[in-house]
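Presented sequentially are two complexes of chain A, the first with chain B as partner and the second with chain C.
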Partner chain A sequence: MLSMKNISKSFATDNVVTHALRDINLDLAEGDFVSVTGPSGSGKTTFLNIAGLLESSTSGEYWLDGEDISKLDDKGRSRMRNQKIGFIFQSFNLIPDLNLFDNVDVPLRYRGFNAAERKKRIEYHLDQVGLASRMKHLPSQLSGGQQQRVAIARALATSPRFLLADEPTGNLDSSMAQSVMSLLEDINANGTTILMVTHDNGLAARAKRQIFIKDGQAQELRQGQHNIHNLAAV
Partner chain B sequence: MFSYYLKLAWLSSKRTWGMSLLMVLAIALGIGAAMTTITVNYLMSANPIPQKSDQLFYVQLDAWDPNDPYFDNGDPPDQLTYRDATALWQAKKAPRQSIATGVAGVIEPADKEALPFMAQGRANSADFFPMFDVPFLYGSGWDEQADLNKEFVVVITAEINERLFGGKDSTGQTLRLAGKDFRIAGVIKRWQPQPRFYDISTGAFQDSEEFFVPFSLMAEQILGQSGNNNCWKPTESGFKAYLDSECIWTQLWVELPTKADVEQYQSYIDAYADEQHKFGRFARTRNNKLSDVMTWLEQREVVSEDASMMMAMALMFLTVCLLNTVGLLLAKFLGKASEIGVRQALGASRRDLFLQHLVESGCIGLAGGLLGLVLAWLGLEAVKSMYGDWMAELAVLDLNMVLLAILLAIGSSILAGLYPTWRACQVQPSQQLKAQ
Partner chain C sequence: MLELGPMLRALMRNKIGALLIALQIALTLTIMVNAIFMMQERNRQMARASGVDEQNTFYLSNTVFGENYPLQSALARDLDQIRKTPGVVAATQINAIPLSGGGWSMGLQTKPGDDVDGTGTAIYFVDTQGIAALGVELLAGENFSESDISWRERSSNKWPPKIIITQTLAEKLFEGDWKKALGQTVYINNHDPMQVTGIVKSLQSPWNGWDNTEHASLVPSQLENKGSRLFIRTEPGRRDALMPQIEKMLADSDKQRIIRNVKTMTETREESYREHQATNNILLTVIIVLTLVTGFGIVGLAMFSINRRTRQIGTRRALGASQWQIMRFFMLENLLISSLGVVLGIGGAIGLNIWLVSTFAMTPLTPGLLLVGCAALLLVGQLAVSYPALIAARISPATATRGRA
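Let's look at the complex of A and B:
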């Protein structure tokens, strides 16, 4: 469902060119759970941003669900993000003015669902993360773990096929981190493909596949039950 | 999505209420100042008789001092001599013609308990009423015969009718005016053209008259003339000599429905001036003008340069207020960069974000516009209190002005919001999401 071929990303400032990613090749199948690890500044987040269509690559091909991403304009990329990708961030990124109901409502609004459908989905997904009773609360009234659960409910509300998590447990204590990780495993077990960036090797090891990024180059650490890909050599 | 954007605008304004209030105040001040001056200018420069302003022509002839033009720019005088005006009126070369001048007289109520009072009036010929579409409540004007026969007929206003006859139909009854009994031919409804185009010699925004009598009575010295009267050479003694003098104090309007009529009438007054030239008058024989209503008002600068300058300054003030709003909006929208990044990640296109923020700008503009209307109303009240009664009719916010104020406020705030909105849409979501 996701295929990257020779994806590179470089930033040019004055006379200096910085290569954030070099010739990344990756294929993800439906239902994969891939963790991405690597030292700080290795390019993990840039990789995730390109995968999530938040940034464009400098070169290479990227196909998502049969569509060539490089051919999409802003509207097309927004549509793809809305329909096929769910995001979970380290700092939750809930909108502080909106209560939980309205936060989960955001992607549904852009999807164009009617009010009844939106309400049904919001209630269902908040219930799934155990926060149905706090729909009218503001994010600031919740703990970090609860906020991340709302973010997960928001990410899943549009039924995306692909979930991108950037350090989803980075701001949580270990018990909350375990709880969020279990939730992600459940979501993956239900068929959603997950790409997760993390610093925590323990959590990374729970993924079906592990990718290690260093100096902008990627390596698959162990063979999972899916196809092996020849990633660029470190 | 519009209602969703409205809700987001409300939440956003609530969160940054201080900044939102500043923006609303900035727009309100700009709109208030702009609308105060625009309203006065709009009413000053309005067409007072739009249905036929291009068919009514003011006649100017130049019988003035050969060595000293009446106006520095060489324009003919703004009124006619009695002898020229009556000559043209009697010639009946136009389908309709109205000769007129201002008069004043004492009205004596029939009720002996009531005190006599001075009233401003107009001595005019019969065509005055149909030419200027004067609206009647009861009766009508008089006919040409009444003019020729110098009949004592009068048309009064609804206010005078209310005062003297309790508002009942008084046509046929007698009005004691200037010591004579006048038969009331008609009562007109409230009629206050702004500007009072048919006679701007004493100011374009004077109240319209309280009574109207035949112009032919002027020769009988029944009523005193009340208005501008300019002479450039001494007159001989006696009223007859005054009527034959070169003093200017009458106005002549003609109704010329077609272009051919205008050309014919122009030829006629040119020929008249040529003929008078032979008798030693009209040194500037070809200085005769026919001006339709709007041309006449423009020529006489009814909207003064000061008023136009004031309006320009008020619009500049509005621009300054909007520039302030641009800065505040920019700060506000860029402060929401992280939210914008999140929305982009969740599927908002740049277009969605653009519309969301444009609606927010529009809402601020609407609030500013409504508050601006209140300030404009206060401004107009201040204008009235400063300039007195003659501004009362000009300092009024009508529906057009209210709509204009709101449109101006929303339009200008959206304009002010364009750049901040564009900048907000350029936010790179990847940077914002990580930066949180």
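Let's look at the complex of A and C:
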């Protein structure tokens, strides 16, 4: 469902060209759960941004669910993000002025669902993450773990085929992190493809596939190999 | 899909900034609408016809300093000279000039008596060419004849038996029917009878701010004064050439007097309404400055709001908002704030207008002007927010993953 061929990303300033990603090749199948690890500044977030259509690659081919992303304009990319991709961010990125109901409602409105459909989806997904009783609460009234659950509910509300998680447990304590990770595993078990960037080797190891990025280059690890590479990175 | 509900709820949680801008819009609307209303009132006043053929008339002052000066024969000679000048249509001696600010007023009443209320009127002493020189239109009755014209000394309190009045004055005196006035006797100085022998369509008084400025009367008298004014009407297009010519002719013909203040009616009108024009310019400046300040306020609030919500905008983009949807979000948010301001402003504008009407006896504000003011401010709001909204729309969706909290 996702295919990247020779994806590169470079940033040019006046005199210097920085290569953030070099010739990334990756194929994800339906139902994959892929973790992406690597040291800080290695290009993980850039990789995630390109995969999530948040920014464009400098060169290479990217196909998502049968569509050539390079041929899409901004509107087309926005539509793809809304319809095919769900995002989970490290800082949750909930909108502080909106209650939980309205937060989950945000992508549904962009999708153009009618009010009844939106309400059904919001209630269902908030219920799935155990927060149906707190729909009128503001994000600031929730713990970090609860906020991330709301963010997951928001990501899933549009029924995306592809979930991108950027350090989803980075701001959570270990028990909350385990809880969120279990939720992601359940979601994956239900058929959603997940690409997760993480610093946590333990969580990365729970993914079905692991990719290690260093100096903008990606390498897929065999099971159990992550420790060696991560040690090398340190 | 519009986000009115969540947007309103979010605004309610961050009231202060939005409320301040709404109040600024309300204040601007209040002042703007009433300022435009006052300008319209002035423009209406300035647009009133004086009744005089302003484009082709001018006047001059004749000040005699010679002793034992033959005032009567000199005036006859001067008028004769002027009237014989090619290009001159008519000329008359006159005691006051319409719109000039200085003149003579009296009260007219339809019954004699000290206790009878009179109606104020400006008095213009003219001769047989008065109507032609002013260029006023005689609607009914007849002009004065030579035999009607009497000499009036400076200290005299006598009034001739005939008077020509304006249509508006006739309506005021005779219960709205000006035609009734012709041939009727009116009383001046409470007891002195004068017969209305003519009615002119319009002739303004010397005072543009007077409520009864359309009340004017022509009286057939020539003034035996050392200081007098001559009012001259020329053929179309010849006024400017004849002014210096006649001034020189009069000055050369008699060295015992001074000819000065040669002025056109066009200049007189301009001077008369100079204060009105200046006030209008000030009001217009106030409107422009206020509108700009409000516009900048909206830009400022929107820029602040966008800077504060950069991550949020990135997140919305990541969740599928197109650039247009982000732009629309901020424009809609502004529309909500502006609408609140406009609603408050309508109340303010009406309140201020009620006070203006009761204090300065003005006519009330028209709903049309209020609606135009509302629409203008909503448009200003949308224009002001369009640039910040464009900046917001250009925020990259990748902002959502940058700068970890």
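Going forward, the second predicted complex is superposed on the first by the 222 of 234 C-alpha atoms of A that agree within 3 Å, B and C clash if a C-alpha of one lies under 4 Å from a C-alpha of the other, contacts with A are read in each partner's own complex, and residues count from 1 in each chain.
Going forward, contacts are C-beta pairs under 8 Å (C-beta built on N, C-alpha and C of every residue); 3 or more make two chains touch, one makes a residue touch a chain.
Quick caveat, the model's predicted, so the values are computed rather than measured.
K.L.:
In the overlay, answer first, second, both or neither for which of chain B and chain C A:S78 touches.
P.N.:
Touch status of A:S78: both partners.
K.L.:
Of chain B and chain C, which one touches more of chain A's residues?
P.N.:
Of chain B and chain C, the partner in contact with more residues of chain A is C.
K.L.:
Taking the superposition on A as described, I'd like to know which of chain B and chain C A:R109 touches: first, second, both or neither.
P.N.:
The answer is both, since A:R109 touches chain B and chain C.
K.L.:
Would you check which partner chain A:N6 touches, where first means chain B only, second means chain C only, and both and neither mean what they say?
P.N.:
In the superposed model, A:N6 contacts neither chain B nor chain C.
K.L.:
Applying the touch criterion given at the start, work out whether A:Q219 contacts chain B, chain C, both or neither, answering first, second, both or neither.
P.N.:
Touch partners of A:Q219: none, neither chain B nor chain C.
K.L.:
If we overlay the two complexes on their shared chain A, which of chain B and chain C does A:T45 touch? Say first, second, both or neither.
P.N.:
Once the two structures are laid over each other on A, A:T45 reaches both partners.
K.L.:
Which partner does A:N99 reach: the first (chain B), the second (chain C), both, or neither?
P.N.:
In the superposition, A:N99 contacts chain C only.
K.L.:
Is A:N171 touching the first partner chain B, the second partner chain C, both, or neither of them?
P.N.:
second
K.L.:
Could you tell me if A:R154 is touching chain B, chain C, both of them or neither one (first, second, both, neither)?
P.N.:
The answer is both, since A:R154 touches chain B and chain C.
K.L.:
Pick out the shared contact residues on chain A: the ones touching chain B in one complex and chain C in the other.
P.N.:
45, 49, 52, 54-55, 74-75, 78-79, 81-83, 87, 89, 91, 93, 95-98, 106-107, 109-111, 154, 158, 166
K.L.:
Can you name the residues of chain A that touch chain B in the complex?
P.N.:
Contacts found on chain A: 45-46, 49, 52, 54-55, 74-75, 78-79, 81-83, 87, 89, 91, 93-98, 106-107, 109-111, 154, 158, 166.
K.L.:
Can you tell me which positions in chain A touch chain C when the two form their complex?
P.N.:
45, 48-49, 52-55, 74-75, 78-79, 81-83, 87, 89-91, 93, 95-99, 102, 105-107, 109-113, 138, 154, 158, 166-167, 170-171
K.L.:
What part of chain B is in contact with chain A in the complex they form?
P.N.:
Touching chain A: residues 1, 4, 11-12, 14-15, 338-339, 341-352, 428-430, 433-434, 436 of chain B.
K.L.:
Going by the contact rule at the top, pick out the chain C residues touching chain A in the complex.
P.N.:
1, 3, 5-6, 9-10, 13-14, 311-312, 315-325, 396-398, 400-402, 404-405
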